[in-house]
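Before anything else, here's the structure in question.
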């Protein structure tokens, strides 16, 4: 394992020190592991707070700023944050209009945010939780922990953040988040496994000519392994898998997020996106907006995920709304 | 032997030592069907718990374990943090605390059995797993049953703890053929079969540590 | 080699198709391999054109847009573009105020841009060329092709682009570019080598515990190999190497670009930046502005480069000026 | 044998075939001390040159080679594109072109020698490399010298071309101990020693192709 770190134990703390140094527009509470905007809102506004394990950067800290998150709670690498973080974040950023927690659907995240919501309620805060579960690789049944939350998190954070910025009330912001999640589906393909600093070796072994189809962002193995194929074939498979699960009809518009998992060059992501766009066109789906790049990563995993969110005028308007965060900016 | 403050502390120390020693194995098991952090999660949690103990003296065994639970919740994260955290908080709350109760009537095997059972209830309430889901519950459930049975049959604390450790070990091993239905391993579907569950394995470590410290 | 491509031969064309699909605000001339802004300037303005081999994305296409480049000319992977591209770009975007070519100092780039400048001059265009050569790993002597152009390219493109946007005349824009280059120094460390699609295997073999110090962005080997060390030690070495070559005194201000080479997780880049910032503070240098992320990559190479540009009020003002490109945005 | 249009075309075809065959080796050499694209660069260039020839008939040998040069400049990029491009343009321009000159007085060995020398001059003017810098020049210079010497001594075109090919091969091999002072390999300093220069190697291929097509 070759990593640009000091020690596996200090990864999160050292990275937060770097975030603090790089972003004077953010306040980084290193002991409490909370990232907030340096500037507080003028009047009461719903506070949008997200969090999850580290290793998915820029998610979530990179999305803190006007028009998106009020605070992010980064856990240890691939480990959900602890309730104390969410409580500290909520207390730091709430301004009387309540708090929305955005939670990716993993057992650990769900439980830790649940405990945090209890603690926050005890402190008199109004809390709503939006669960993100967009990964079609996992069957959503009583036999599993349910679908994982992946790329749609970016869209949920962007949309709720934009709406909250306009002064919408708590229930409306939370309902929007649920609506965006329900309108979103994702699917991922990995070319290599991620190596966590703690484990020191790849989370799974993948032969030199094989890929993991339907992989999770913590390296949870996917639906199956198969031989590597050209980008065109992989893109078609990803699009078709999502469409098989999505209520989209020819003529529908989507927001498309072609997301790199960390170690795939942007050059290749654009190749994949070109093929995705071509396939969507073949299937009669119009891409109204797109985003190509590394947004929900899995450390040094090579591969990509695609998220398709059914668009409508309100969502497009919120997607286009101004945002000023380290990783997403729009005038 | 009674479940007093020194014993509670010794148990926590023994768990911390076991987790330190077995960190690699827990991580390996978690890499196979999870995300490879179970070992470092518990290590971080129990070393924080050890540190937290230092500020506590003198306190009853219940207070010690409650503090351990709170520390795990505050430091671990992931699935295992809230689950073990709630468990230790429940065990601590259920243990007769000498600081509150009659100091000459410390917790005997039966009271310990009920405290451990309260921990299991907390895990099941929070995590909603049932036996057979390939989780902590699969080691914890037989361990409590064995402890209770032994205590009911008049066993000493060391004897009951040894029986529980044995049952937890067996329960952990019995997770191998199971298909996970809770937690991250459930994403694997049938591919989770054939691997021992990391959480059940760490639960067995916890009970083995209790057996060790009561035996010595 | 596992890559998200169709064929090694079609990498550039396929990626350009993806860029075209993802960015309606850009015009992508795929046959000519030229990326320009979709919107032409209102009046005459100096056209800033950059180009170089592909594999360094987002450089250069990701920096086309208001406030930065007018056009980018991507060559094949790690291969400088051909003169026809620069000529086509110049003809497409010039608006009567002349053209600035931004050229990284590599033999191929220099010669191809030189031929392009001749062709453009034959067509009656006024052309100035700004050479970027910031990499202190290479000795600038008559025994080498001179210092390589790396991270400073982003700063040169940003500053000249901002100045051109304001209507500054050709010579002033070119002189500014030279000034930014002269004020900049870079140094890079690689943890792994890049694999080009054509070669199919890593450009150099690096043992599991070694790093290449002073590496180039095409995998040109560096000053030496050494054992991997903690991020803190590597950051200190990179800072000290640059400062040994830079005319910076305690109290000076810099713009710092902590750049990922492609496959290094953002989490690790922040760790490295935290250590860089700490070391600069120790050395009495103030970071006035910073940028952390993947900006001048080398395909799937793991590692980072640091660029330090001595700041002054004009440079800071141009750095802060509005920009709206795929990879760099500022309101 | 004269340097007529079919021969010019045959030469280009032979180069294209050689580059196709040796692409891997050129890339390997370029990976060692460059950026690993020399093989694919030349392959792209010469396959485009072949395609460009089809639109040219009937044209003189000079026009053929000028077109090859322009195509290389337009399609290759990198260092080798402009260098070889300018070289072929210069060779083409210097070759007596039957379309312009007396068709009964085609280019003989001496005229070809001067045309090849014009190509070398173009390379040196653009690239500013001198012999010993570990570049194309190190194979091209001895090849021109050998060709010229043979032509001066009354050799036929096949004989002169064979001598040039031999000299270019030797020149390429002689780059191994050199330290590069031009191009990407110069960044390596002393670490460039011990590797054969990819550009000198492809120059040797060019001259070998000329020898092959004149011999057959």
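Just so it is clear, A, B, C and D label the chains in written order, and each chain counts residues from 1 on its own.
What we mean here is this: a residue touches a chain if its C-beta (ideal position, glycine included) is under 8 Å from a C-beta of that chain, and two chains touch if they have at least 3 such contacts.
If you're wondering where the values come from, they're calculated on a predicted model, not measured in any experiment.
Counted as hops between touching chains, the shortest connection from chain B to chain D is 3.
Centres computed as Cα averages put chain A at a distance of 54 Å from chain D. Annotation: 33 Å between the Cα-based centres of chain A and chain B. Among the residues of chain C, those in touch with two or more other chains are 77. In chain B, no residue touches at least two other chains. Taken together, the touching pairs link the chains end to end in a line with two free ends. Each chain pair that touches appears in this list: A-B, A-C, C-D. The touching residues of chain D, counted against chain C in their complex, run 27, 31, 34-37, 39-41, 44, 73-83, 126-127, 179, 181-184, 186-189, 191. If you check the complex, the residues on chain C that touch chain D are 8-9, 53, 75-84, 106-108, 111-112, 114-115, 137-139, 142-145, 148, 196, 198-199, 203-204, 216, 218-221. Residues 2-7, 11, 14-22, 54-55, 57-58, 62, 77, 191-192, 208-209, 211, 228, 230-232, 234, 258, 262-275, 277-278, 287, 290-292, 294, 297, 299-300, 302-304, 322, 324, 329-331 of chain A touch chain C in their complex.
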